[in-house]
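What follows are several structures.
Each of the next two complexes has chain A plus one more chain, namely chain B in the first and chain C in the second.
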Partner chain A sequence: MVGSKRNSVYSMIVLLPSLILLLIFVYGFIGNSFYVSLTDWGTGAALRENPVKNLIGLENYRRLFTGAIHERFRQDLINAIFYSLFLVAGTLGLGLFLAIMLDKGPKGENILRTIFLFPMALSFVVTGTIWRWIFSPKGGVNLIPTWFGMERGDFLWLSSREKVALFNWQSVPQIIALILFVIFAFMLYGGWKNGRRTQTIWGAVLSGLMLFYAAVLHYLLPPILPYAEFHGFSLATVGIIIAAVWQYSGYTMALYLAGLRGLPVAMYESAKMDGAGDITYYLKIAIPNMWPITLSAIIIISHISLKLFALIFSMAGADNASTGHPSVLMYLITFRANNFAVGAAISVILFLMAALFIIPYLIQSYRARR
Partner chain B sequence: MKKGLTLMITLLLLLPMVSVWAGGQQEGAAAAEETETVAVPDVELDYGKPTGDLEIFSWWAGDEAPALNALIDLYNDDYPQVEVINATVTGGSGVNAKAVLKTRMLGGDPPDSFQVHAGQELIGTWVAAERMLDLTPLFESEGWMDVFPEDLINLIGTENGIWSVPVNVHRSNVMWYIPENLEEWGVEAPQSWDEFLNIAEDLEAQGITPLSLATNWTVNHLWESVALGVLGADKYDGLWNGELSWTSEEAVEVWATLDEVLEYTNDDFSSLSWQQATDLVVGGDAAFNIMGDWAAGYMSTTLNLQPGSDYMWAASPGTDGVFMFLADSFGFPKGVKNPAATLAWLKTCGSKEGQDTFNPLKGSISSRTDSDLSKYNDYSQSAAEDFADNRIVGSLAHGVTANEGFMNDFATVMEMFLNNRNPEQAANAAQAIAIQNGIVSR
Partner chain C sequence: MSQNTLRRVSPIVYVMVLAAMVIFLIPIYMALITALKNPAEINLATAWNLPSYPYWQSFVEAYNMLLPSLRNSLVLTITGTVLSALVGSINGFVFSKNRFRGSEIVFTLFLFGMFIPYQIILIPLFQLLRAIGIYGSLYGLILAHVVYGIPITTLIFRNFYDQIPDSLVESARLDGAGFFGLYGRLFLPLSVPGFVVVGIWQFTQIWNEFLWGVTLTKQSSQPVTVGLAQLAGGQAVNWNLPMAGSFLAGFPVLLIYIFFGRYFIRGLLAGSVKE
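Take a look at the complex of A and B:
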């Protein structure tokens, strides 16, 4: 008993320095960014030794989401969501495919494995520079059709201004409310089915609120923008997505390959014995058994998708709004326009987006440990 | 525990929506605060003998490096005891260098002297932040008050002082072409945008791109030439001193003209560098290019073309007799490590010999009125003549007329315009950012 007490004192002493550093340099600075985002630091003499900062509440956030001149931020936010979706889907899909192919043990497996994993060793800047050449409008992939005697392709991989799947920014609150409605409806259903009273009540109240907002309130309240503003999936981001998928699918391949090799051979053999083909084995048995791997891959890749700054900066340039990302815009607004408060607001929004990905993971690991 | 987590997630999900709802619809732009006038320290004229290290911060790398190196060599001839550290950060127009400079200044580690576009880019950022020394005593003791044009001194100074030493002058409103090609295609350099639009049709029919364009900032560069051509010098100045509203009919007309002109440019412009846009003209794929006269340096030095015969130039359509200038300059930040060497550097930058060493290589002209024109090529000589007797206005894209906040927001407005091509909306947005950045009062 005495020994364990002493142990915990020792461990406290050993942990304290890193705890203090963590508190200051991570949480302190996150807090400071949040404070800056509530001020108007950036007008006039922003770079003074003691700049004037007045608290203006959530004004910066309101301007970002509904101000006339922050249209680029809103498109960048949409881009960020698409980057995450396609990067996760692309790397998981391609990585799984490569892993299954290698799992069959083809000739030269070792070499292939190294080749597929190699792009991950490159920095984003190198990847960006290579792929910028590949996607340059008058060279690279656009020349491939000429090999077959066809006209040179004219798709502007990184600078196309075309957008598909357009939607009006004014209806975004309605869309969010509907998504939340679906989530809360599931909560309600789960609570009702398992006989959990509080969960049922919360689910009912929240899903009801969301439905009420989407169906009634949204039409009664003034629109969030005085005019219709259309955003959508920017086609120029395709080039960036391809480069990022190329870089990281080797990584997911390695994860999945380890997973496949970790499955007991008996599982494969008994599946064969029961008459399952390869496709059935992978689809029905192997993939569901690798769920923990899929989950951690999703979390890691979606984090990487929020850190695309270097890739976009080197591949398309910071000013290319078609491939924009909030992190790039944050850099421009902070360091080029000297608008530190708005830049801080964007970084806080990015932080919350990262939290959206990591909180489910924390819940998961918390549950697993209990 | 689980309930707490669910609640937390709910709150996190709701937070963005709350910020959307918060507040009404009015754009409560806080106008730039008046900087209160405080006594600004002057530069001292006697810091002792220059020795030690001198760090010069600039974005002159690549094609522009030889000019800077020549200037540094000249400095070292005069002050051999000083070790010059040439800190360059690449990126056209200083896009990356300026960000690096800001982090260094904020971190209390200013370079001994840094390159900066003369005008509001320096004044709106560094002078407003009270981080520069007033150079008026230096200008007086070196006799620069008489050799730099008065217009120029007005644009690089405020009522509180003069803030930097210009080393060069570039012209922004120049249209470049290859005379041989124009002859072959049967067109002449247009005098106005209407003329341009007329011949553009003809050129396009021959499979020629009428006007070559490059990455985003060159569109802003084209905008200022179009604005000057459509508005004329007085009204163009009016945009910056608040006499002409950004939402006025004439200002909308600028955007409408730009919209028509953009119809006749290369589709892939956002993926090209400005050099590649020049290459299109040189290679015979495009007829004209509007670019600052660093393009002359590129064509003469890098591509080895003869000014006046291999390539030609004219003032951009409708701007004959007006010289839209921009200048690079060096200032004296507060708290530098080696003030003696910095002062000596500024003296070299402003000297006749320094300017006549630097500018012929850079492709720019001297900002002094007494420069030795025989050292310059045909293009620069013609530019120097124009600089001496033309009306002078400042460039937006290169930091003379507006502060960095406006410049950055203007790039966003341009991006919006390129997406929806709505002149009215662009004019309204430009007015909004002009108010927000203190260019015009409400």
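Take a look at the complex of A and C:
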């Protein structure tokens, strides 16, 4: 039941302060950051009382993606994608593994769970400081081979400049077009198979357009950069990924363990009756049944991967370009170089990346609640 | 877990969980042995070795260096936690038991605030704090933590109050309890576990926060995360001090985690799998 009319009035009065604060501090500020990103604030005396701000449209974004001086931003963006992919794969894989092990019911489960989860309670600054010591070039992890009579490792965990899986930034539009082509081709196929006309037509048109761009237009249009610029997976990020996986696997373990415990025992028993071993049970029955958990874990972890600022800052330093992330670059450009407009543009890009995951998630949870 | 009471646990499982446990504890081991070494004994080549004797002086030194920032963090964390928990409690009460037309939309608008990367609000926040003259003070940080804490505290309290049966609310209303009477006399006394979950969650979040700490404070108002980053950030660092500092900075949250782990996990799950 919904309360009486008077209750509704009280409800709104009580909520009003919070609502106003959030409208200003969340929605107003997001709008303001977006506005700042369209200006040239930061070229003159940026910290003056009334700094000069001229609207320059999307110029900051154009420079970030195709300007000569922002090469680091482009590598940072690539790093961010790899951080997300590896963090999701690592925490889901390890978390699931740990959950299955605990689901088998070893003794001392409480202690084990506590040990796997405690890193989550700690600040990235605390764990980052410790991991930085573990990954120091001449000590820590690099000493492990010497235990087995081998030479000390010489990998520069946090400062290696090596990159693998190189690609030319000029071909990024083509790559994106090809990815979209595959997505739209699936849409076309699904529509055609299920006899949905509008979906078939849209799928055909969009996939055709993408293929046309990738195969023809891309070569006719001027390149986005006047010269070839190579980016790839920066090996120095491996150490940070390991530390982040260590810190968040306990979390996915907790999610999956709750999921496994939530599955009906009958499911396990009937699988056993049909002659399925443990491996078959987990692979074919338990994991597919936990798809909703996997989905929300992917969303949450992708979202956490955008917040690696403190870990990168304390492990590798803000100035370390090999381990860079847009959030770190945003800090450098805004608070060290006082270039607020470009900093705001980077923050908007980060925000849009997060919104990609969050808005569908919020809409879905809103529908579920109603 | 009744399925396991009948089964014997394979030794392979024990080997696996033991290996995982050792790997998970490596950073703690490294931090502890390094913090306990005499600085003269710290050497990259012997990084894994135990200290020849425990040298406690590093903890004292790190404590003295971090003391101002520890004090700031304590004030900031306690104030921020209490205020955001109170706001979250009354908001949660509204969203759970006093729904009105459009309250779900308002709630979704609230939730959005906890999922944004905080970089997107950083420049306007910095500007606003400068404009109202609290930039660089603890007040600015407290304000930020209270405002951006509203979504999660509201969510946790809403989920908590959802478990209180509507029939109880109905009968209290029939007995003449109004909006505030219902909240003050029925819900608030029942809210202790909710306050524990929210309190622990906010305490760890605020204590651990770094981005605002490093951008919105001055030397005198630094929280401990920033203090630790500075302690560890110098070029020629003596590693015993950062490691001892890590323990000091991690100690309060670790203590909470060990004693109230159950509630911590509940807060953790509230932000993800609920609904």
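We take it that the second predicted complex is superposed on the first by the 342 of 370 C-alpha atoms of A that agree within 3 Å, B and C clash if a C-alpha of one lies under 4 Å from a C-alpha of the other, contacts with A are read in each partner's own complex, and residues count from 1 in each chain.
In this section, a contact is a pair of C-beta atoms (placed from the backbone, for glycine too) under 8 Å apart; a residue touches a chain by one contact, two chains touch by 3 or more.
None of these values were measured; they are calculated from a predicted model.
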Requested in this report: Check whether A:Ile346 is in contact with chain B, with chain C, with both or with neither, and answer first, second, both or neither.
Outcome: second
Report summary line: Partner touching more residues of chain A, chain B vs chain C, is chain C
Query raised in the report: Which of the two partners, first being chain B and second being chain C, lies in contact with A:Ser136: first, second, both, or neither?
Result: both
Query raised in the report: First (chain B), second (chain C), both or neither: which does A:Gly28 touch?
Result: second
Query raised in the report: So, A:Tyr331: does it touch chain B (first), chain C (second), both, or neither?
Result: both
Query raised in the report: Where does A:Lys104 make contact in the superposed view: on chain B (first), on chain C (second), on both, or on neither?
Result: second
Query raised in the report: Does the superposition put A:Asp319 against chain B (first), chain C (second), both, or neither?
Result: first
Report summary line: Check: chain A residues flagged as touching chain B and also chain C 136, 138, 317, 331, 335, 366
Query - Of chain C, residues touching chain A in the complex - result: 1-5, 7, 9-10, 13-14, 16-17, 20-21, 23-27, 30-31, 34, 44-45, 47-48, 87, 90-91, 93-94, 97-101, 103-113, 115-125, 147-148, 150-151, 154, 166, 170, 173, 178-180, 204, 207-211, 214-215, 225-226, 228-229, 232-233, 239, 242-243, 245-246, 249-250, 253-254, 256-258, 261, 264-265, 268-269, 271-273, 275
Query - Footprint of chain B on chain A - complex, ascending - result: 40, 42-49, 51-52, 56-59, 61-69, 71-72, 136-138, 154, 156, 158-159, 161, 172-173, 176, 180, 187, 198, 202, 206, 222, 224, 226, 317-322, 331-333, 335-339, 349, 352, 355-356, 359, 363, 366
Requested in this report: Mind listing the chain A positions that touch chain C in their complex?
Outcome: 1-3, 6-8, 10-12, 14-15, 17-19, 21-22, 25-30, 32-33, 36, 97-98, 101-107, 112, 114-127, 129-134, 136, 138-140, 143, 246, 250-251, 254-255, 258, 261, 265, 268-269, 293, 296-297, 300, 303, 306-307, 309-310, 313-314, 317, 327, 330-331, 334-335, 340, 343-344, 346-348, 350-351, 353-354, 358, 361-362, 365-366, 368-370
Query raised in the report: Which positions of chain B touch chain A when the two form their complex?
Result: 1, 3, 5-6, 8-10, 12-13, 15-23, 25, 27-28, 30-35, 95, 98-99, 102-103, 105-106, 125-126, 128-131, 215-217, 267-271, 404-405, 407-409, 411-413, 415-416, 418-419, 428-429, 432-433, 436, 438
